[in-house]
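The two complexes that follow have chain A in common; it is paired with chain B in the first and with chain C in the second.
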Partner chain A sequence: MAKQQPRVDAVIVGLGWTGSIMGMELTEAGLNVLALERGADRTNEDFAYPKPADELEYGIRHTMMQKPKQAAVTIRRDLNERALPQRKLGAFLPGDGVGGAGAHWTGVLIRPTPTDLQLKSFADQAFGKGVLQDDMQIQDFGVTWDELEPHFTFFEKVCGQSGTTGNLNGEIQPGGDPFEGPRSEPYPLPALQDTQNTEMFDKAAKQLGYHPFPNPSANVSRAWTNPYGMQLGPCNYCGFCSRYGCLNYSKASPQTCILNALKQRSNFAYRTNANVTRVELAPDGKTATGVTYIDEHGEEVFQPADMVVLASYALNNVRLMLNSGIGAPYDPVARTGVVGRNYAYQIGGGIHMYFDDIEFNPFATAGATGRMFNDFSPGNFDSAQYGFIGGAKMHSSQASGTPIKTPLPKTAPKWGQGYKDALRKHYGHHMKLSMTGSVMSYRSNMLDLDPTWKDPYGMPLLRMTFDWKQNEHRLSAFMRDRLREIADVLKPDYRDESFNLEGSHFKVTSYVSTHNVGGAAMGTDPSTSAINRYLQSWDVHNVFVPGGNAFPQNFQANPTDLIGALTYWSAKKIREEYLKNPGPLMAQS
Partner chain B sequence: MSQPDNTSRRAFLRNTFTLIPTVGLAGGVSLTAKAAEAPPNLSDYQPAFFKSDEWAFLLAACDRLIPGESEGKGPGALDTNVPIFIDRQMDSPYGHAERWYMQGPFVLDGSPDLGFQYPYTPRDVYQKGIALTQAYCQKQYGKRFEQLDAATRDQVLQALEANQVDFAALGETQKLEASEFFSSLLENTKEGYLADPIHGGNKHMASWKMLGFPGARASYRDWVDQHNVDYPLGPVSLTGERG
Partner chain C sequence: MTARFILPLIAGSTLLMASQAFGADDTTLERGAYLARAGDCVACHTTEDGKDFAGGLAIESPFGTIYSTNISPDKDHGIGNYTEAEFAAALRDGKRADGANLYPAMPYPSYAKLTDDDVHALYVYFMDGVEPVADSAPETDLSFPFNQRWGITAWNWLFADADTFTPNTSADPLIERGRYLVEGLGHCGSCHTPRGFAEQEKTLDDSDDSYLSGADLNDWWAPSLRGGDGGDGRGVEGWSAHEIAEYLKTGRNAHATVGGEMTSVVAHSTSHLTDTDLTGIALYLKSLSANPAGENATTPDQRRTASEKTAAHLTAAKDLSDGERLYLDNCSACHLNDGKGAERVFPAIDGNSLANADNPTGLIHTILAGATPPATPTIPAQLPMPGFGWRLSDEEVATLATFVRSAWGNDGGAVTAEQVGKVRDTLKPSPLNRAPDANGRLNHDDRDPK
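After this line comes the complex of A and B, so read on.
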């Protein structure tokens, strides 16, 4: 018989970005809130200088990240392949411990466009029949730009977003992104400083008629006090940002922006080393009674709660739903069920360029440093003629210059004296042109429970079925051609490229991005979405599931601005309606 | 050459010190850690994990993967204590695969794009990989790897890299491939060469000086807007060593 803890009003599973936001919002509504975090406690002191400046420990050994030992994912590329466990981290690096991936993310904080939120409606209107792959199952998010705009604005203030405004209440502003949706307020802070590569990219992009603007950043450019009274110091371009905790209180994270304020509230508590294995349901299956977790002593504990928030990252949220029987699991053959449906990801690609005579000083940089343009996001160009939907953010970013990760030309020797010569010649003389592309959802890209492998607590692992599809291959080829034109303007001494083109398959061994989305999509139709437009489970009304899992497909940029805004949007509905009258917030039919 | 010549290496290191000017710490960077203990000499070091014959292989292999000044500019893997780094990694969470998923069943016939599936920790990979490579050298040349001349050692490493050494035929049962052993060895060698000296390699930050990487300075607000100029300061390490 599991040990039992005293009941709380709300239990939050995971204390990363979404868990911290929900903690703030639900305690503000007067609830007694408990967060359960599977990893260790981590405070800003854990990131004190010089500790984070250790590439091996954090950049290579992934010390802050999800341990496959505790929660591996099995992966296959199609429904017929045998899925195998990802035994060590590779393509994506989910977080672990207080702060989640939010403690070691890069901090590019960018909104989707209004069109991205209504991609299906856009596709129906802009693409003739038969243009798009017929196994594609893209959907609208079920929430509009106008509904989310105040929540973007608030989350961006929480983060001290730094950048250049492009569209203020419909008025296009110089230097910003003319394609962004209308903002109600300008960026809280000015953009980060330019680096050598951003200057070069900016010039070349403008010469080709594009509209470059500074990467929107949650590495703050100036001192900032956020709405919770938390203070961030100006970024010092330390060069140990993406994959590292910030040593300077400058990167927006749950630690720097929320947790110290939250921990002061007497109606908030959290436990670490508490790994939630499932949500417990009442006998009728219509409400949750709490969650079961394994504590630091390996003991099973039942935590009763009136409300459960799954805030454990997209992949873990879906796994918890499946392991708890919340919602019908998706079946790609019968095409029934919703949990695990519409899993999507992000596609990357780029051109490495080497300039013998230019010093880039790549170590003097912030994680989000860079320039991008949005001329190739959906609706801004006619992709139907190329046979694909979606878009890419085109950019030159310089997240760090740490030496183990030094890129070298493909032709350079991999070892021996030639390797040493290449290192000496090319270190600091490299810049990259990149595309970060959207990925649509498809019938067979999905998540379910693995039939073979289990975690140390006996729970089935999550199984991911995912591959790049023709639409994304075509998108990559198109964007590659555009990036080549930029490279032609810049005239590097050497260049090589890597893109996921026709015939290439998803590889789990090298990093792609930690932008895993979908799997428990939001929407207005319970036959195609696992949660409603307020992120509430259609089936178990006191379970809310904020996270990237809510995306019905992915758009062409980083997900966390949208994840944060959706979490505030959901919290508002919980506070204003759900708590007064707990029950489904949307009718089932 | 049967053993790397450590006397001449020590002499080399002394030279590097006089050749590379040490630059004082920039204002604004404050290092809280106390200064490092002097790194050990490779020749005095007693490996904790590798047995003496494995150690001889490791030294001889690292010396070819990143050779010393005798072959051309820049410090080598032995000059920078890379084997010490690898030995210490073997007793870290990495060496023991402590954070990885090591539960069976181990399915060995899947696509390599799905990642490694053999039931081995990095410690096992080294022990098995070294033994299999030695078996190959005995069969091919009637000598141990470290007894081969430099050119032949390079040929063996190339054969491992190209997966032309058939580990299965030499007795490997869990599908550890020669190319996988080689890539672990090469990856760890580069890590030891380029990581902070706190991990045992990159002695006196020699590789960072070669690259112009300032190490753990981690503070460039005054530099970020100075474009296309050489950064003038030498590196600092996590323990406060300055170069």
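After this line comes the complex of A and C, so read on.
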């Protein structure tokens, strides 16, 4: 018999960005809210200068990440392979503890475009029959730019977003992204300082007719006090952002932007080392009664609640739904079910350039430092003629100058004196041209419960089935050609390329991106989405699932801004309608 | 133990529950609760993890350790049997119900200014709005002769004869309200007015220029609060009334972030006051002429020139002294080369009263142990300054502190390694001054993952 805790109005599973936002919104609505976090507590004190500046500890040993022995994903590349569990994190790095990945992210805070939110409608209109792969199953998000715009604006104020406005209420502004959707307000703060590579990229891109603008950043360029009275210090360009807690309190995170404000509220509480294993359902399966978790002593505890918010990492949200029987599991053969459907990812690629005579001072930088252009986002160019849909943000970012991860030419030895000589010769002389590309959703890219592998509590691990598809290979080849043209303008002394081209497969051992999305997609049709457009489970109405899991496919940039905006959008509906009249917010016609 | 079930107390909600439970006259009770905030009663009468107003806090005094008493309305352990007259006598005259004298750690010489109306509201609050706590606080046990409470009678006769506040009807009522709060409940003089030979505040009101002119409090400099003109232009003298009010409300402003003992005053008391009262306090402080500039005092122009010179030298980073190198490596990321920090977020060191105090203890303590600003209702953010005790030797801290005290427009004196060593001996371990864990565990990872 599991131990039982006193009932709460709402239980939040996971205390990262979405959990913190929901905590603020639901406590403001007067609810008694409890957050359960499976990792340890993390406060600003953990990140006090200069402790985070340790590449071996945080960059290589992944101190702030989930450990595979706690929660591995098993991975296979097609439906016929046998999936094997990760033994070591590689391609993606989910966060661990309070703050989640929001504590160790880089801090690129960029909106999708209005087209990205309605990609299926765009595809139907811009692509003739037979152009796109027939196993592609892209969808509209079910929410429009105009609906989300106020929530982007608010979340960006919470984060102190720094950048240059490109489109203010339909008026194109100099220096910003002319392709961005109309913003109702300018960026809260000006853009970060430029570095040598940003200036070079900017010049070359403009020479080729593109429209570069500063990377939208949640590493703040100035001191900032947000609407909650939370504060960020001005970035000091130390370069310890991605994989690190910010030692200057300059990177937007649940810690810097929300948590202390939330902790002041008497109707909020949280428990750490509380690992939720499943949501408990009423006998009719139509409502949740609470969650079961394993506490720090390894004991099983039942936490009753009137409402459950699954606010953990996208992959774990899907796993919790599957392990709890919320929604029908996706079957890729029968093409039925929705939970696990439309898993997508992010594709990257780039050209490493080495200039013997240029000093880039890579140690003086912020995670989001750089320039990008959006000329190759969907709708901004005709990709139908190249046989693919989607796009890429094309950028030169200089996120860090840490020594162990210093890129070296492929010809350089990997160890010994030759390695040291190469490091000495090339450190500070490297600049990268990158593309961060969209990934569509397909019939066989999916998530389900692994039939073999279980976690220490006997719960099945999540199984990921994923590989690059022809559409993404074609996109990569196209973007590679464009980046080559930029490299030709810049004329490096030496260059290397790395792209996922035709014939290449997804590799789990080296880092790709932590932008795992989909698997519990949002939408307006319960036969193709696991949650409705308010992020409410179609089947269990008092379960909400905010997170990257809601994306029906991925767009060509970083997900945090959209995840934040979607969470506020969902919270608004909960506060205005759901709490007054709990039940399905959309009819299952 | 790492599972944390944290239910932070919010004054408003506690009060609401209490007033509903006791069914008292809500307006008077709420006013009493507000006045108890203004008097910061909770600061001395509650221990760190203890129940509100249950007493037991150890207060270090020059005469020994004095334990605060249980002032909850428990009839056996607190003040539940006090009549309003007895309560008033304790508050204003330092007389216990049994007739014994209270130790003047209780600021009754200041509370003597309280109006009858306010004493009544406080009485209603303490009787009807506070949970009774049936715990006895430890007895104060001073050594002879300080354990002879009758001796305080003479002290009271000499020093504590202030009358109830009488407003100056010809003055701005807002300033008079500020004066009432500062002299009375706020008891600001307890820390900020220098003390005389018998540890009495030299003056309890602004009839004398020593009032609020700055004092050493357990080795920390509690700066002058005299904000008017006529001084060297530093400290509160250089702040606008709005900036003073902002500091009291949020614990920070464009010039400074609160530190030391004042941190809890802002957290528990001033951040809960109304904007009107804070403005009154600020205007009153601005009405007090500043401490006269000393003979060797620098002018604002001289200090500006010196500030620019230091900033330029640090930016050029050529021919750096050890102190300058230590500053660049440890401090400049937040406080910047110009020593001005970031408005409202990272405090300025240039012109900082703690950095320029004659007694460097407060500065040394801050460098060694770090400091965390208070979470206030309007600014709940807490961006802690790390402690550097784990990575800098006494010699290095002395070199750094000496640089900081002489850089920009600062003119504090040199600091020795011996001074640093003495402060280091008083430090308590805390996450902010802990060395990194060899196994990479963070502060809260006190459990190995299974």
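The rule we apply is simple: the second predicted complex is superposed on the first by the 589 of 589 C-alpha atoms of A that agree within 3 Å, B and C clash if a C-alpha of one lies under 4 Å from a C-alpha of the other, contacts with A are read in each partner's own complex, and residues count from 1 in each chain.
Definition applied: a residue touches a chain if its C-beta (ideal position, glycine included) is under 8 Å from a C-beta of that chain, and two chains touch if they have at least 3 such contacts.
Every value quoted in this text rests on a predicted model; they were computed, and no experiment measured them.
Student: Which partner does A:M230 reach: the first (chain B), the second (chain C), both, or neither?
Tutor: Touch partner of A:M230: chain C, not chain B.
Student: According to the stated criteria, A:R42 is in contact with first (chain B), second (chain C), both, or neither; which is it?
Tutor: After superposition on chain A, A:R42 lies in contact with chain C alone.
Student: Once the structures are superposed on A, label A:D295 by its partner contacts, choosing first (chain B), second (chain C), both or neither.
Tutor: After superposing on A, A:D295 lies in contact with chain C but is clear of chain B.
Student: Once the shared chain is lined up, is A:F363 touching chain B (first), chain C (second), both, or neither of them?
Tutor: The first partner, chain B, only.
Student: Does the superposition put A:R61 against chain B (first), chain C (second), both, or neither?
Tutor: Both partners.
Student: When the two structures are overlaid on chain A, which partner does A:T106 contact: first (chain B), second (chain C), both, or neither?
Tutor: After superposing on A, A:T106 lies clear of both chain B and chain C.
Student: Between chain B (first) and chain C (second), which does A:C238 come into contact with in this model arrangement: first, second, both, or neither?
Tutor: A:C238 sits against chain B and chain C alike.
Student: On the A-aligned overlay, A:Q264 touches which partner chain: chain B = first, chain C = second, or both, or neither?
Tutor: second
Student: Is A:N516 touching the first partner chain B, the second partner chain C, both, or neither of them?
Tutor: It touches nothing on chain B or chain C.
Student: From the superposed pair, tell me which chain A residues show up as contacts to chain B and also as contacts to chain C.
Tutor: In chain A, residues 48-51, 54, 61, 67, 69, 234, 236, 238, 247 are touched by chain B and also by chain C.
Student: So in the complex, which bits of chain A are touching chain C?
Tutor: Against chain C, the touching part of chain A is residues 40-46, 48-51, 54, 57, 61, 63-64, 67, 69-70, 97, 222-225, 228-234, 236, 238, 247-249, 256, 260-261, 263-266, 269-274, 295-296, 298, 456.
Student: Show me the residue ranges of chain A that touch chain B in the complex, using the header's touch definition.
Tutor: 48-56, 60-62, 67-69, 72, 75-77, 81-88, 90, 193-196, 199, 234-240, 247, 358-361, 363-365, 401-404, 406, 414-417, 419-421, 423-424, 427-428, 452-454, 505-509
Student: Contact residues on chain B for chain A in the complex?
Tutor: 30-33, 64-67, 71-74, 76, 92-94, 97-103, 105, 107, 110-117, 154, 157, 161, 186, 189-191, 194-196, 198-199, 207-208, 210-221, 223-231, 238
Student: Under the stated contact criterion, what part of chain C meets chain A in this complex?
Tutor: Checking each residue of chain C against chain A gives 1-10, 13-14, 250, 330, 333-334, 342-346, 370, 372, 375-387, 431-432, 436, 440, 442-445, 447, 449-450.
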